[in-house]
């Protein structure tokens, strides 16, 4: 049994850490201006991050789940706005394209996705159907020219900048989600498509968007893969999306632990430093144990996934534990910082807001438990 | 033991760093000097007046004019038949030549010594000054560079040593001097300044550095230094840099303005007699080494200080 | 023309070294190790010269423990073409390193040998100059600019008073200073490519170099700690203290 990361992945992590350390000081500019300095995106593109999960034959790197998770742990130290554009390139949206698009579609999209020239949005969630995508109302109706899409989507990352949107819509409501939902690749300049809402978020994450599809006519070749398989396609990549969010929480939690440990060692109180007090020491011990367990459960799930053991509950457990442990750790880190942790400009304050969403998106903690229980009781 | 000290100079003036090196050498035994240059008679004269030295060897030759290591190293290696140790000031010139001499003599050099503990035993900083190693040489000859701030300066006057010409080796023909672009400054040179005013990254840009740091330095007649962060950010040229990767200084008074006190900076100035720090952040590590600290906004405090002096 | 770039695996720049309690050295157990920062600059410079079409091939070499393969892989990921590890668990002094590098140069026949000016562990600042002495080659130390001009190289050097420019015939030895360049990151695709580049492993015995140390380290200790002084309340109090010291 070997718990060491493979050399190559360790090299990825080290390279990523040095990039992250160099980009972190730009957070101040970002906080002051609200704009991510363009060098951030450029650096991530130049160094291969946009293409991590995309297939090698189209210019990507084709990294496995373990490598992606390890790299994401490092990237997660940066404000989410710095790296959030990569998320759809690693998650189900990109995988739908990589696994099920035609050669022509892939050649059209993937090289541009790796260079950042073709941003893509993944539009599954609808108002009122967050954890229950089967209840979606968007439809695609066949006509002589292909398909006509009608409906709306919400909480869509990248929705505003995307050049292409992968849309999930019922093509046959009577067949139910499994068999009735299909996936489409729609250019963002299709008449009738509009960004109709901007939803500002609690964290430093960029806004997410509400998209409206009003009689959007797409050609017959817009269908991704087979008709009626859309729900299946969306679900088959859930594990990867969940591990990615788990990795984000591990990265944020580990960063908070590091910051809190350093703070405890230098923060004076009652003629000593706070690290000398047992209350603080026990906090740190608990946080460190939590984060170690989170890292191990996550990397184990990712490694097994790469070995072909794609059991859904492993990814769910990893996401559940990592996001809950990460959140506890960030919360306690803020407590150790005291008032300073509640002030803008301290990384802890940012982490406290940003880690909150990891317990919600890509399946809330409650949904993860349902999945774990279902597999247990099968 | 017979030692040879390499004299730092620019063919006109004798460099201050020579004097501390003489002190280090005198702890080993008899001290001879070598002045290698061209038209460097005045330097040889000055060298001969240093107290307590035996003899000044002078290689006054065109091949030595720019003290190129390719030409100087064989000259020194030749002189080592009559000497047991050669000591260089740890200036960029000394650091350039000394290892080449060591290689020619098949000797392992001892760099940047802080003290002489015995005939063959010395202390020297390692890990950016985070540790001090005591090392003992087993080589027949010693090749040493000396940290100037670690030794008192020998008296520059009082001696009357014999000056003897030595033949230079020929130009090796492998390298040539093209040009020098030396910073011209009315202010004292950093490594010999009694007072240094240093600025850090908090100075924001080169204009601010100029407006805040320079007037104070001029009032005090001080040399001007900077942290690596300030140099990296382009506020001032690299020869202002104080720190492990820049100059090692130990003035009477070191005033650090807007410098947080990274390890690498502290390594370059922590031997200063009195350290004064002005910084907005009361937790800045610089305050852990400062004798006098002022927690204040430098944009107010420094002009106020300058005006009041 | 080929470039040879020696690289050393050292304690990471950001790690504060801890002296061992028994005075035998610095504790390196479980400490993050990286490529010596000045060597990174050397690799970067070679890669830039290659990108400019002035160098055809870059060979990197390290003398050190098996783990130094990681350092060599990092250099390969930056753009070097092949790597050589001379594996030894012993601490090798600069003089012996220079002797081995001379032997390696005999095989590689580089037009330029670019080294970091010093390693941040022993801070010797010797290897490049020693290698130049042993090989009787010209040296451009503490370089802040390197320009290849046919069979010569023009090197701008960081010297105490400012900058100095020298012109050297090739083959030549260059040692790097901080401002020469800003090393690139090892990008993810280049890390993957580096895995496929050749990395040869030899031992000091293969070069017949005597690596017995000439210096014996008797003790390693913490530097004297400077005590924090007082904080003054305002500029007036600072001036009063300066006056008391005779400074103002």
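Just a few scattered comments:
Letters A, B and C mark the chains as written, and numbering starts fresh at 1 in each.
The rule is simple: a contact is a pair of C-beta atoms (placed from the backbone, for glycine too) under 8 Å apart; a residue touches a chain by one contact, two chains touch by 3 or more.
Being a predicted model, the structure only gives us computed values, none of them experimental.
If touching chains are joined by edges, the resulting network of the protein chains shown is an open path.
Ranked by distance of CA centroids from chain C, the top chain is A.
Closest to the middle of the protein, by Cα centroid, lies chain C. If you average the CA atoms of chain A and of chain C, the two centres end up 40 Å from each other.
For the pair chain A and chain B, the distance between mean C-alpha positions equals 54 Å. Work out the mean CA point of chain B and of chain C, and you get 21 Å between them. Of all residues in chain B, those touching chain C in their complex are 66, 68-70, 73, 91-93, 95-104, 106-112, 121, 125-139, 172-183, 189, 191, 195, 220, 228, 237-239, 244-245, 247, 252-253, 263, 270, 274-276, 278, 282, 287-296, 301, 304-305, 308-309. Across the complex, chain A meets chain C through its residues 7-8, 11-12, 14-16, 18-19, 43, 46-49, 51-52, 61, 63, 71. Residue ranges of chain C in contact with chain B, taken from their complex: 11, 16-17, 19, 26, 93-95, 98, 120-134, 136-142, 144, 154, 157-169, 172, 177-179, 213-223, 226, 228-232, 234-236, 238-239, 241-242, 245, 247-248. Across the interface of their complex, chain A is touched by residues 34, 70, 73-74, 77, 185-192, 194-195 of chain C.
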